[in-house]
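Structures given as structure tokens follow.
Two complexes come next, and they have one chain in common, subunit A, joined by subunit B in the first and subunit C in the second.
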Partner chain A sequence: MGLEYVRISPGFERYMPKDYVDLVNYGPFGRQVDVQQLGQFKELVEEHPMCAGCFMAYFIRIFYAALPNPEDTIVIGTAGCARLALSQAAVPFVYGNYGDTNAVASGLKRALTIRFPDKVKDVVVIAGDGGLIDIGFGMTMHSWFRREKFTTIMVDNEVYGNTGGQESGMSPKGVQLKMAPKGKQFDKINAVELAKVAGCVYVAKLAPTNPKRIARTIRRAILAARHFGPTFIHAYTSCNIEYSIPTDKVLEDARKREKQDFAFYEWMTDEVREYFEEIEKQSQEVKV
Partner chain B sequence: MPEQRVVDADYLLLEAPRERKFITGAQAMAEAVKRANVDIAIAYPITPQSEVMHLVGDLWAQGYLKDYYRAEEEYGAMSAIAGAVRGGVRAFTATSGPGLLRGFEAIASWPGHRIPAVLGVLTRVVNAPLSIQPDNIEIAYLLNCGMIVLHAENQQDVFDFTLAGFVISEKVDVYIPVAVCTEGFFVTHAKGYVNMTPEDMKLPPRDPYKAPVPPTDCEIPPARIQRDAPVQKSNFMSYLIHAVWQQEVWASNRRAMKYIYKYLGGPIEVVNPDAEVFIVASGCAAAQGREAVRYAQMEGLNVGLVKVKSIRPFPEKEIREVLKKAKAVIVPEHNIIGWLAREIKATIPDNDKVIGGPRVYGGMTLPVELIMEKIYDVFGIKKERKVVV
Partner chain C sequence: MYYVAEVNESECAKYNCKQCVLFCPEPNTLMYHSTKHTAWVNYSRCKGCAICVYVCSDLLKRNCIQMVMMTAGD
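Here is the complex of A and B:
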């Protein structure tokens, strides 16, 4: 339905909540906002209960500013910190059960394709390391094997933050966390390589140090998923609470990790690369 | 495939001509899906259910369905069903025993998510020790999740309950999923006569906007605005919201009863309403109970049958009324715990007259003679056991 979906019926402007009117008048619907304009437009997510200094909250804020088609986007999440912010955005959000995101997204995307074959309806999963790589591992992998056309974004804080700081498969080896009282016994799982092997057509890994690059990566992942197949972004979004990172040091920590194991990495199939070259020639929108 | 035309749901279920075929229960379920204008089916193998989803896969290959795939496992299948139904399409899947339990976290959340869909439950033993035979203990797990639970006696019931299941499930004042249960093998792999509606007629497509909860498709204004999820607002808000929502789920479940009357002729069937002693049974046990009533009549004993078609909503009022004057109530079952006997005992005031059993489990057959022994007991008839070697 696109913009009709957000438009206010004539005469109702003064009765609609202020938030809604502001979103219609000053929000990102129907236009591409630049992430560097944050603060100059009504954002899709504003209030949230995430901890002070949470880098995941920052990433999610950029995510919503980067959506290429917010009026026709559905976000899917699962238990964990991310959904605390995702559930408060002005974009439909589905919270199913534990670790089921990629199965729910498979059914939803297929249903939307059946009902709206000629419309763009973007489905995006944003879930944590626990949701996607531990409890939801099978469903994450199989959605990729089946070549389901949606984007999966892992906001990796390397811990079960929302349940009180337990080890996850993405925690680095040796780190002492709850349920790992002697330190984690095995390596951080290589999610990016798994995604490539499982059939993702666009895979990226980043630490959120460069907002413009985050936005471009998110847009690319969503555009590639529309046309070619599953796409995956592995984003480092530190947990400053469980990893005891002082609030004013979270960016410093992200930069440090970027130099270690979160250097920006982008991989795509040849046909996706050709597609980006084509559209980036035509538009400034996803220009490198 | 023949060209199918959409006909009114009431016409298809209540008036359309029927043709008699001799088919298995699995075929009967697939034949109902064929006529139900289903958009997507998601399959995962488990014995004895697989046959149903093979046949439904063939329907997709022939063009009756728009999408179909074999999922990674039941939790994935049941979650994807939820996603598809939220996206506004009509969806179907089926499972058995351990598969039901593996998918159960997702299934148990369907009513709360207001997911109208039909789930075939072709019962078998829940491990362990392993057996794949038709024990129906898994129905006990379904009873408390909010779903509508129908229990089919035979191939005809499977066809009728499945086709009507889609219609009941999508009623605006119901809008929760329907489980159509029947015993694996005894019904799924055995043939019986089924009167079926014409192959060239189908239900109207699902209208996802005729709904108490809109689909998630970015098509219905107003757009969502920023708001809190209940659980993070406060614990008080989260339990309040959960409480009122679940009350509505169970109220929806009860509201389905009028449609069970309309489309399935009511939640119970009574044979010999003036009987002195009643057998109350569901599924295959009802078929054996029917035989026991016939045996008893031949011996001049006044025995009747209450077949319970709808386990949720449970026909409390109806069962209390029928059993008011009964001297004894015999509840034969295909499971060890006797979930139906518990339901009956919780329903009637003078429940010391309920005889829980005979019960067979592990997937054994239920010989009519076992039911007859209970009947002789309540009539005080002493019979010599004949042991044939």
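Here is the complex of A and C:
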């Protein structure tokens, strides 16, 4: 990170909140942090009201440590649990209306490209399965059809968590939820294949069991979106509340689901693959 | 009164490990001391999920973290 946009005017140090001062003194500004250094620097994301043991919150924590260029990144979220943490970070955040994230991101990315022609501005959408694949489905798809150059991350908890347990298109078939008492009647949507068909140039699926790999995947998705087109990450991020997972079993559940139906998967176009081979050879930039 | 994680620092320092720090869902909560080589908990931020205990005890068999009850003022 180059630009120091978080600084304190001389004389005001002792009046600033401690968290802000910590961010200036021990934050990732002016240096490139690695996810392995977590716990040894002040993180960009602050305390937030997501539930104890929530692995969506965990994924978001890793996300902020993995950003290749947080000072020039804009995060777009919407209604749903993720925004509760996304809105508490020292990275600009835009709250898109529910379902609108990918339309907002399309316009924003295009505007930033015109306004800052000599700068890289990364735009990343993070939203739930309901926000992206149910209610926002049309806008998600059309941003991909149009090859808009930003990253979409679906934090898939397989339910509408924030509104108390309705089934989503991403809930597995048969699952009983508070507001799906008969059990879900239809299959889980295959979001990864949809993304490939719709024009994404980099697509990945993962369960949050390996922080280094999550970080590498996020960086790759962002870098590929800068140069080539839309990119998509489908991340399993359990809702321990609606799925009644004891909090100390949340990582065990992620490891189990990884073995069942969330094995790490990564797909990219030849062009993107060649680009990664080149930059990963040249520098260690993408290797986290 | 609330439930928080507590690291046995002298035990933890034997391992040069850091794994629990990389799995805590909360930011700036389960920290790592670079020179003492031990994990430590910022109690006021810990939400008591015990994922760190699963990592240290169940996965790594190192048993260096316990959940403890805190009372206001601790």
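We take it that the second predicted complex is superposed on the first by the 269 of 288 C-alpha atoms of A that agree within 3 Å, B and C clash if a C-alpha of one lies under 4 Å from a C-alpha of the other, contacts with A are read in each partner's own complex, and residues count from 1 in each chain.
Note that in this section a residue touches a chain if its C-beta (ideal position, glycine included) is under 8 Å from a C-beta of that chain, and two chains touch if they have at least 3 such contacts.
What you see is a predicted model; the values in this text were computed from it and never measured.
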| item | value |
| --- | --- |
| Contacts of A:E47 with subunit B and subunit C, given as first, second, both or neither | both |
| Which of subunit B and subunit C A:Y15 touches, first, second, both or neither | neither |
| Which superposed partner A:K121 touches (first subunit B, second subunit C, both, neither) | first |
| Subunit B versus subunit C as contact partner of A:E252, first or second or both or neither | second |
| Partner chain in contact with A:F186 - subunit B first, subunit C second, else both or neither | neither |
| First, second, both or neither for A:Y265, with subunit B first and subunit C second | neither |
| Subunit B versus subunit C as contact partner of A:N97, first or second or both or neither | first |
| Common ground on subunit A, meaning residues reached by subunit C in one complex and by subunit B in the other | 45-47 |
| Subunit B contact footprint on subunit A (complex, rising order) | 1, 4-9, 16-17, 19-20, 23, 29, 44-47, 49, 71-74, 76, 83-84, 87-98, 100, 103-116, 121, 138-139, 141-142, 146 |
| Subunit A residues touching subunit C - in the complex, by the definition given at the top | 35-36, 38-40, 42-43, 45-48, 50-55, 57-58, 61, 64, 211, 247-252 |
| Contact set on subunit B toward subunit A in their complex | 39-40, 42, 66-67, 69, 71-73, 75-77, 79-89, 91, 105-106, 109, 113, 216-229, 232 |
| Residue numbers on subunit C that touch subunit A, as the complex places them | 18, 21-28, 30-32, 34, 39, 45, 47-51, 53-55, 58 |
